[in-house]
Amino acid sequence: MAIEMRSREDQPAVTTRPTIAPASARVPTAAPDPAPAARTTKIEARDLNLYYGSFRAVRDVTIDIPANEITAIIGPSGCGKSTFLRSFNRMHELAHGARMEGRILLDGVDIYDRSVDAVDLRRLVGMVFQRPNPFPTMSIYENVSAGLRLGGGPKPKDLDEIVEDCLTRAALWDEVKDHLGDSGTSLSGGQQQRLCIARALAVDPEVILMDEPASALDPIATLRIEELMLELRGSYTIVIVTHNMQQASRVSDQTAFFSMGEDRAGYLVEMGQTTTIFTNPREQLTEDYISGRFG
Amino acid sequence: MSATPGTLAGSRAPFAERLAAVRGSRRRIVDRVMRTVALVAAVVCVVPLAAILLFVVIKGAAALNLDLLTKPPKALGTGGGALNAILGSLQMVAAAALVAVPVGVLGGVYVNEFASRRSARAVRFAADVLVGVPSILIGIVAYTLLVLPFKQFNAAAGSVALALIMVPVIVRTTEEILRLVPHEIREAGLALGVPTWRVVVSVVLPAGRTGVLTGVMLAVARAAGETAPLLFTALGSRLVNVGQFGQPMDALPLFIYNGARQPIAALNEQAWGAALLLLLFVLGVNVAVRARSWGRRAG
Amino acid sequence: MTTLAPTGRLRGRNAPRRADVVFRGGTRAFGGAVIVTLGVVAAVLVVSSAPAWTRFGVDLITGTTWDPVRDVYGALPFIVGTLYSAAIALLIATPIGVLTAIFLSEFAPRRVSIPLTFTIELLAAIPSVVIGLWGIFVLSPFLRDTVDAWLIATLGWLPFFRGPSFGVGIGAAGVILAIMILPTIVSISREVLSSVPNSQREAMFGLGATRWEVAVKAVLPYARSGVIGAAILGLGRALGETMAVTMVIGNGQDIPVSVFNQAQTIASKIAVTFNEASGGLQSQSLVAIGLILLVMTLLLNVAARLLVSRAQQGPAR
């Protein structure tokens, strides 16, 4: 089936660059959709297959994630969306028996190359999880600064300012500024999730992955997380996995729809501009899912 | 009584009658009697503990005086105290802990964080087997390796024997506590780009620190009370030994054992005094550590 | 497509971080040390006892004289002593322990069962030598003057209760072992009983059973293998107990018949004889019987643990 994606047919297959180029050198792509020019691709996956032991969870995915926009990944449960997301920050490989085939490029660099340190990668590509997971033995301040304090490398001198900045951007500063010493777990669920977002921001990533970040939260907290995402867009590339189609349509610029094949492996059905996907999708399967014809 | 509605006419007695039949029945009597028997059994379980505590406290307190705590023993029970034993216990248990705690905790870290399933099973198996080895046999091993070659009973061998007893216990308790630490906070740490070792040391271990500490303290209390492994290693001594690990050293359990076996009343009394000291330490640690976790379970 | 050299913030690194390697390696070394220790313990015991095995073979187990003068060693009295005292301990501790576990799990309200369980488990923390001290000066005279006197008076015609009693002996050892293994039996049985699903109890109650009947006919059978496992674990502990037993068992060289006979267990014989054995055949023989003890306790522990874990996975088959 045809897979909608950023077409690169009129670009050379290989883009060679001189070594040690600044990370800002991006690969320009042409988009078949009417979109503002100079949209760049942040992450490219090519023929990606993800396994747990002999079980294939994700099959043959080729996809481009544009930079500084919000990409939503939707689809029924069990079709490998989380597995797929975790391959972007090499968290997938931590599972027992995990295996990948294919390539994933970040700014054109193969992140699974032997010479890439997964730990460094994870500072570039941050993650927010489904259930808030602040470190239970650390205070709010310590939680936000954890990545900087523990990640090796010298502690920045302006740690206080960084903590305040991140908490502000996570829309949490005003609520906690007077009790930064309280335990991270003393906050409500929604606040804890925003704390986790602040924590992820503190290491200055370029990409933020969100695995159903609001599914454990009440509607009001969910709304605040969505507002937060829209504020972060433009400075960060955001990829969000969500069960909630309305959330995807509210928040994202493009949407990728995954489904589960008969071999129980997830695959990419269709990807495109969010408005297109939700009003005029190309695949019947997408249409069925969006109109609720199957789970 | 006429048949109640809903029953087949005349085929079953009315409910109230059947209830009354059970009430006075043999089954009811058996139930009451046996439940009382079970209660009595539970009380019987507590009696030895109470009796031991009572006698140790009473006889031990009678023997407790400043001399017991501050002087070494005099020949044949003509006075003196248990200073040799007190200092010896402190030194040997501390030395054993110095080795056993890092090895045990980090061994437990290995099993839970890094080991493959097969390796984890092997280490767990070895630890479980070692925990079940009678401590006198551990004493024989320490004797063979650390006393025999030097033809000299020494406190270092005693400390090693105690460490051999502590390590498998600490490995198992640490490993079980770390297993309870939720996987999500490990993931959170790794996703931040924190190296693995740092996640373990700064996130996982602190999260489990209460449980790990509990395991360590219980192991220390157990080592403090062990006699058999010291019989062939540290041997015991009437002299106060501070720091000379190449020489024999006394310990509270050894002091109690030797004092109890002599037909001299004064020595027996000193044994009770030493027993009180040992009991206070061991029970103190156990109560402090377990009361906290019991409180959490009940509350 | 060629692989591009990582640039900018993605540093190149051709080997894992050194700190990680060191840390993993260190913890692996310590984990391995546990396995190595087990090997060393087994090896030392086997090697040290080998000359005795080659010299005496099976006679070490079946021989009845332990004679350092003629350098002939047979440990049957001590093996019998070990099993005899453990059997007495089990006989006393199992009914009391299981009944107590039933009480704690099925009948007692939480505000009673929790402190009571805590107290009973505290008994397990008392050092063996302290219990032995109490055994010599309190339990032993008490047994001699009350229980033993009564037993001799009423059952003295049986070979098991032939007097006189000095308070110390295999019976006293059995009693003190019973006290020491009681907490093990109680706590493990209680856990196993508590983990029986409530649906079993409710089904039985629904049939009109009394509380005792529910405990004995629904809960106990379901957890049967676990309770047996608890008893076997208690047995294993009894076999390996040294100090308290040494202090109240007297000093007998013959196979004990009456519970008032003085005797030795393997552990107590090693405890009193090892230091004076001066390294020759006697020492090797002591290590040899220690090895027998080790094998016995190990087998029992493995069997017990299998039973307990099976019980916690489902109903007794």
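When the chains are written out, they are named A, B and C in that same order, and each has its own residue count from 1.
In this text, a residue touches a chain if its C-beta (ideal position, glycine included) is under 8 Å from a C-beta of that chain, and two chains touch if they have at least 3 such contacts.
Because the structure is predicted, anything quoted here is derived from the model rather than measured.
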Of the chains shown, whose Cα mean is nearest the mean of all protein Cα atoms? B
Of the other chains, whose C-alpha centre is the longest way from the centre of subunit A? C
Could you give the separation in Å between the centres of subunit B and subunit C, each centre being the mean of its C-alpha atoms? 14
For subunit A and subunit C, let me know how many angstrom lie between their CA-based centres, rounded off. 56
Calculate how many whole Å lie between the centre of subunit A and the centre of subunit B, each centre taken as the average of the chain's C-alpha atoms. 49
Touching two or more other chains in subunit C are residues 17, 19
Shared-interface residues of subunit B (touching two or more other chains) are 195-196, 198
Among the residues of subunit A, which are close enough to touch at least two other chains? 119-121, 123-124, 152
Where on subunit A does subunit B make contact in their complex? 89, 91, 94, 119-124, 126-127, 129, 131, 133-137, 146-147, 150-152, 196, 199-200, 203
Counting only contacts in the complex, subunit B reaches subunit C at residues 22, 27-28, 30-31, 34-35, 37-39, 41-42, 44-46, 48-49, 51-52, 55-56, 59, 102-104, 106-107, 109-111, 113-115, 119, 122-123, 126-130, 132-138, 140-141, 143-145, 148, 164, 167-168, 171, 195-198, 200-201, 221-222, 224-228, 231-232, 235, 253, 256-257, 260-261, 268, 271-272, 275, 278-279, 282-283, 286-287, 290-291, 294, 297-298
Counting only contacts in the complex, subunit B reaches subunit A at residues 182, 184-185, 187-196, 198-199, 202-203, 206-207, 209
Using the touch definition up top, name the residues of subunit C that touch subunit B in the complex. 17, 19-20, 22-24, 26-28, 30-35, 37-38, 40-41, 44-45, 48, 95-97, 99-100, 102-104, 107-108, 110, 114, 116, 118-123, 125-134, 136-138, 179, 182-183, 186, 208, 210-213, 216, 236, 239-243, 247, 267, 270-271, 274-275, 279, 286-287, 290, 293-294, 297-298, 301, 305
